[in-house]
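Common to both upcoming complexes is chain A, partnered first by chain B, then by chain C.
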Partner chain A sequence: MSESLRHRRAFWGVGLVLVAFGLLALVGAGELLAQDASQIRRYGDFPVIGARGAIWITAQVHLMFAAFVLGVPMFAIVVEAIAIFGGDKRYDKLAKEFTRLLLIAYSATAIWGAMLTFALSSLYPVFWSYLTTIFGPSMWLYAALFIVESFTLYLYYYGWDRWSEGKAKYGHWGLGILLNVWGTIVMFIANGWLTYMMSPPAEVAADTAPDQVQLWSAIFNATWMPINIHRILANVVFGGAIVGMYAAYRFLAAKTDEERAHYDWMGYIGNFIAIGALIVLPFAGYYLGREIYEFNQQMGITMMGGFMSWLWIIQAFLIGVLFLAGNYYLWIGMGRIPGAERFTPYVKYMLVVLVAGVIVWATPHTIIASRDEIAAMGGTHHPFLGALGVMSAKNTAVNLMILTTFLSFMLYRRANKIPVVNWARSGTIAQGAALAIAAVVVTFYGVYGYFVTAIVRIGFSVYQVLAVLAAMLLVVVLDVMMLRGAKSRGEIRWGQMPPRSQYALFVLAVTFTWLMGLMGFARSGIRQHWHVYEVIRDTSAQAATPALGPAATMISVCVLIFLSLVAIIFWLGGLAEKPAHKDPADLVTAVSRGGEV
Partner chain B sequence: MNEPRGVRHPFWQAVLLLIGSYLLFKFGISVLPPLIGIESAPVPASVVLQFMATALVGVLLYVSADETRWKQFKEPIHSVAVDADKKVLRTSMLIALPLLVGFLTYRQVSASVGAPPSLRSVHPAPPNRITFRGESMQLAGLENPLRTTGEMSEHLAAGSTVYVRNCMPCHGDRLDGDGHFAQGFNPVPADFTSNGTIAQLTESYVFWRIAKGGPGLPKEGTPWNSAMPAWEDILEENEIWAVILYMYDQTGWSPRTWEEEHEAAEGGDH
Partner chain C sequence: MWRTNLAVAFVVLGTLGVYTAVANMIPQVQSDVPEELVLSADVSPEELVAAGENLYAGSGGGCTACHGLGTRAPDILGTAGSTCETREPGKSCKDYLYESLVDPGAYVVEGFQPIMPDMSRTLSDAQIWSLVAFLESQGGEVTVTGADFAGSDDGPPPTPADPVTDGDAAPGDIDAAALVQSLGCTACHAYGASPGGIGPALSEMAGLELDYLRRSIIDPAADTATGFEALAGTMPATFGELLTESELEAMVTYLAGGAE
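Showing the complex of A and B:
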């Protein structure tokens, strides 16, 4: 063999080996790259309850505390304003007492918020990265505002006694307003994140890179503003209910008549604010529901007519409980108002309207029935009760319940007063006529709704709402004018309430909390197996939307955790406040002056 | 203070109210409306229970909303619980009440031959887009094309033929869900004359349900109980639109319109 041939063979041999190594290296690198890609951890796991359960609990409890710390300052400043402009110091004390509860609740909100952030980043790292890419700057703003908000709260509370007179008091009130402004902006920012997941803008598709999504477009999505409005009102309701529950707890634990009088009055104010805001909340909810339906018909039907539809029956029951409990508290409260006995015969009629309203509102369209019962009905719709299962009947029922609750408030307010204006009789007749006309309009459109097309029927609900709101506005204006300089039939005997009335306040708070969890699930659950609806799919093992049973269990667990923590906060609030009651003379003086809002 | 007696006593008023409510819910709803020409039917037990729970809460609120009434209401209960001369009644109730609860529990949990009640959603959510015989079709905003083309009388005649040949055996010649085979299905076929079915829906929704039938129902809310075939394998597109026209014509309902959804589509739908 010649040397050149050996060289040539050696060259090819080495070449082949190199090519083989090269191929192997390429294949190996491909394998390695593939391994790297597969090793990206999309989802983490959490012991016992799983990743989804962990996010659910942390998010829900955080939200409940957030609602508390956003709702309470709203009426703290309203109550403080009544003290400043009305000159009644009792209200100032009350506002401060609310704010003391706020300090502890604020820490709890932050702790649960941090837990939620850690849970999201460790259990859903890829999705969390997606969200932070889009919303990063708004998250920094959120954190900055949170710091500013905290500092404002501390100034507001700890500066209460220092800035209690003259211009300084106005400055202090300004701090309270600022506290609300910061809190509201913080909530709006967070609402942008969660509504983006629900209703991403039209230009965002499954293949849109997150850094290509415009921040403002992502925040200002279809359901952002409806959620903002709904949550502002709901927070006021929730804050009022929690304060009412605190007052009830303190009332039941009170050792002296003075304490009972104070906490009876506080409970009344909490209930007043909660029910007052509750009356307008269904309108905001209707706006949100309509926007969801308009954003995506499929989502709307899933929510209202699909597998989430039974949540609305449960919701109707719970809201029925709220209306009944709120009215019941007022009716019992009439027992401590001189002159209220002339209105007590009307209670049974108002109760009949409310009970009938709950029955209509909670009548399901598709009825749970055995095979024999379905056969007897001729289908899953009852031929007679089926008429109560549609929106015409339900809108009518809820509007009449709102009018009845409003009437309860008006009677309560009028109970111990004798108007002195010479048009008092005709004014009262005008008030009655306004309520009666509103009831007729509501009923007329409710019945007429059965004879028109769906689109026309949807428009009728607007007329019903307008009739109710207009009547309430007119009655309040007349009432304020009529009771100017009114004589008193006697002071309200604060503190003389039977203990069972206080349980109505507990029922209100627990039901509100439950409702928040329930409807939060409805709002979030209609995304189904999507992190971002029809954009980012949830590919984890727990992507399936839970059925109503497991969902109800989870919601109840969240409610229990929240209420247990609130019980601790109440107890701490009592501990911190003990020295303030060393001097009951203040309370005696304050309470003896009577009054209401 | 004069103690009220008989039906004026809050306790007996409460008892009578509850008995009256039960009679109204259990029998009144099924019997009274037909007397004035309104159709009705027996009320399922789940609804009676739901209504009675509400009535019970209402009655309890009524008796306890006034301090005097509340004391009077509790008095007979208190008396039976502690008075020496009520020992026989007390003992009887201590035996009768647990037995009653036990009996009701037994009835609730004992096995029966009937199928268990099922919670079924009536309006499955439609997809935004479907594939009909290989062609993609956008459902949102879709109108029945036969309403704007051709002669309506011809479309209705065609729809009538399609209905009688394919739909009538189950949905009935009166479109009330009571066809010859209807009782063989659980749940029974949809009643188009009811205000709860096609009266609530857009024509595109009805098209989707006819075209895709039971097999095309969405995954959420499963298991579905529907024997409805997927008619896209049998009927042409225009035959489905024609039978939809016929259904609305015969029942007198108007389909839900798209006015608002059009506005939404311009705003943010995707």
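Showing the complex of A and C:
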């Protein structure tokens, strides 16, 4: 198929999607206009999917784009810094390539944000005016910062080549940092609104007039900070995953070895960052969970043991997929590293640990069971699975999975190097010992946890986590010192990756996105039939919180919309770089030579 | 190229499909909105109990998130209507149960954390009273009437404290069959028309040692019925306090004789 024909096709494809969206919007608008405007409407209606569905989709897709435009700039400045301070131009190109994608993603974020605002104000007018009464000033600030942020982004991208040398380059990097600062503040403000709905300050009651609510106390509510932190980390993960997916696609579509090498390398970095941040995400999750329990015990219990209990099993399943796909990608990747063969025999053991970990983690513990189910199961806890379902076993499993994944990365790093320092042998043994000791500590407390009371057991998870973190830190420090000036067993053959590895990157990105949707459902679903928990009741027809099945269908729809739009963005990004290909001097030739993170 | 696109689409849709399918295969629990309860002043006790049971078991009250799991909160099914008498001296069952729901911190059952939420934040007065009626029906007598909530929104009307009946009668005068019903043993044990299903049928205890039976009731953790090992710990340990000495003797004799 010729180049131009392909583009024409893609053009029509995109056009059709846009027209379909437009039509749906028009139908919606017509329906809204037809409603009786003479009386106060508490709730509006939306055709086909209903008001709740409309908010769900607009909010979720907006959030996915928001995560994208917050995660990718973090990524971009880190990569740019590597270029500046490490002197490797490759990284600079990579950072710029991300930023180009950002430009379009930015307008998508704004468009979906506007749709969400319209949907809220027309479908939930009374509640929306309540929120604006409390949060009005912060909303204006939000809008103003958004403008400043966009402008910073334009400068950052369009100034890239102009400010590329000397002091100007530092200035340019500073712009990137500013971009992140604005983005983070914008997110914090919006987080204030939604966490207020979840955990309103204690002094707010059902009869508190909205103009009596203090703006600051509304924003500084119990779950605000935990959500802020959780979201920052999750955005990094997400940015990495999406970048990985982009690279995977470009790798598969690449026509030259140079291109393949470049995108293979980019995919590796995306995966590295995504998995690296994923490893710390659970800690932020525990913090958030603890704050929820502290805010309202019942809310915590509804979340972990009430109607949402199955959700965590699905979550565990998804995280299992992430660990497996991430490691699978690394293991295949060893094929392109000279010297990695010597580690292949270990892969099967690591696989066993991972699979066992996933199984334990996905074992339910406290599930709402009916009287008949209890009778059938022969106990409130399953006779055999019950023992695996408790926190001790789960923490042990997840910590061992983290250690295993970490080991994969370390083997990867070591594969093509021969350390030259004279203590290399003992250093390696020390590293192995550190990991082994951590594994033993984790397992010991995991087993011991069965013989102590819950309160003591909770303390154990801290020791487990500390052991894992300490071991990882020690191993990395040793590794950095040991590999200083190491001899190479041969360059990494970037680009020599079987295509199936790239599909693992797709699975990762889809799973992350889906997981984000699921966690979004968990976070807003635990409010149940409340707009503002125990303060403002949802009296609309769709106040009931759906079960996981329908929720999952909604999440899949959101992910599909998001990924389709992302595909369009990638395609547009590709269009923009087309002329560059005519100029061989600008080709990414430099990349074909090796490098590592 | 179209092959690659197809493969990518396949992987993406396949992954989404698997997740959606898995989430649809597991048990589906929807969180319903508690129904607005409209009860007239002349509502019958049965209606009240039924409304309360719906709240208790459904997601409206959210009680089962804690109660009935064993360790998190006391088991109240089958027992709440009688334990209440022993909780706060001078306080009637009705008042105590009402207080448990709207001011749970006032009396915290020994051995538990004060995590029980104040239900007046989420439930209407009528709903709370129907719960009290339901709880009373679990081993006690339902004394809630429509008058308790019709018109008044300001807390429980002062009820004269029930005369505490503690005069011990001789075992022979005690109707053990009525005790089985009123203490709620039938919530778990098959007896008469009750299907049971959680503990062994009461009729199967015929011929067991009196000592063993006594211990099983006072301290269920001491021994475990064969075949019910996995359910050990489900039976409330509170019966020892609830039964007077003669009542316990009557019960034990009754069970040893085949519960008829």
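As a working rule, the second predicted complex is superposed on the first by the 534 of 597 C-alpha atoms of A that agree within 3 Å, B and C clash if a C-alpha of one lies under 4 Å from a C-alpha of the other, contacts with A are read in each partner's own complex, and residues count from 1 in each chain.
Keep this in mind: a residue touches a chain if its C-beta (ideal position, glycine included) is under 8 Å from a C-beta of that chain, and two chains touch if they have at least 3 such contacts.
Everything quoted here is computed from the prediction, not taken from an experiment.
Trainee: Have a look at chain B and chain C on chain A after the superposition and call it: clash or fit.
Mentor: Chain B/chain C on chain A - steric clash.
Trainee: Quick check for you: in the superposed arrangement, does A:Gln528 touch first (chain B), second (chain C), both or neither?
Mentor: So A:Gln528 meets both chain B and chain C here.
Trainee: If you stack the two complexes on chain A, which partner ends up touching A:Trp310: first (chain B), second (chain C), both, or neither?
Mentor: After superposing on A, A:Trp310 lies in contact with both chain B and chain C.
Trainee: Looking at the overlay, what does A:Met225 touch: chain B (first), chain C (second), both, or neither?
Mentor: neither
Trainee: Looking at A:Leu324 after the superposition, I want to know if it touches chain B, chain C, both of them or none. Which is it: first, second, both, neither?
Mentor: It touches chain B, and chain C stays clear.
Trainee: Look at A:Ala430 in the shared chain and tell me whether it touches chain B only, chain C only, both, or neither; answer first, second, both or neither.
Mentor: It touches nothing on chain B or chain C.
Trainee: Of the two partners chain B and chain C, which one touches more residues belonging to chain A?
Mentor: B
Trainee: Could you tell me if A:Gln297 is touching chain B, chain C, both of them or neither one (first, second, both, neither)?
Mentor: both
Trainee: Does the superposition put A:Thr511 against chain B (first), chain C (second), both, or neither?
Mentor: Touch partner of A:Thr511: chain C, not chain B.
Trainee: Answer with first, second, both or neither: which of chain B and chain C does A:Thr545 touch in the superposed model?
Mentor: In the superposed model, A:Thr545 contacts both chain B and chain C.
Trainee: Tell me which stretch of chain C runs into chain B once the two are superposed: 2-10, 38-46 or 74-82.
Mentor: In the superposed model, chain C runs into chain B at 74-82.
Trainee: Chain A residues touched by both chain B and chain C?
Mentor: Residues common to the chain A contacts of chain C and of chain B are 296-298, 301-302, 305-307, 310, 366, 368, 371-372, 374-375, 377-380, 383, 454, 528, 534, 545, 548, listed in rising order.
Trainee: Taking the touch rule as given, give the residues of chain A at its contact with chain B in the complex, in rising order.
Mentor: The contact residues of chain A facing chain B are 199-205, 221-222, 294-299, 301-302, 304-307, 309-310, 320-321, 324, 328, 331-332, 335, 344, 347-348, 351-352, 354-355, 358-359, 362-387, 389-390, 450, 453-455, 458, 498, 500, 528, 534, 545, 548.
Trainee: Can you list the chain A residues touching chain C in their complex?
Mentor: Of all residues in chain A, those touching chain C are 1, 6, 249, 252-253, 296-298, 301-302, 305-307, 310, 313-314, 317-318, 366, 368, 371-372, 374-375, 377-380, 383, 454, 503, 506-507, 510-511, 514, 525, 528-529, 534, 538, 543-549, 551-553, 555-556, 559-560, 563.
Trainee: Quick check: in the complex, which residue numbers of chain C touch chain A?
Mentor: Spelled out, the residues of chain C in touch with chain A are 1-2, 4, 7-8, 11-12, 15-17, 19-20, 22-24, 26-34, 59, 62, 64-66, 68-72, 115, 117, 121-122, 197-198, 230-231, 234.
Trainee: Name, in rising order, each residue of chain B that touches chain A in their complex.
Mentor: Touching chain A from chain B are residues 29-30, 33, 38-47, 50-51, 54-55, 57-58, 61-62, 64-67, 70, 114-128, 140, 176-178, 183, 186-188, 190-191, 194-196, 199-200, 220-221, 254, 256-257, 259-261, 263-264, 267-270.
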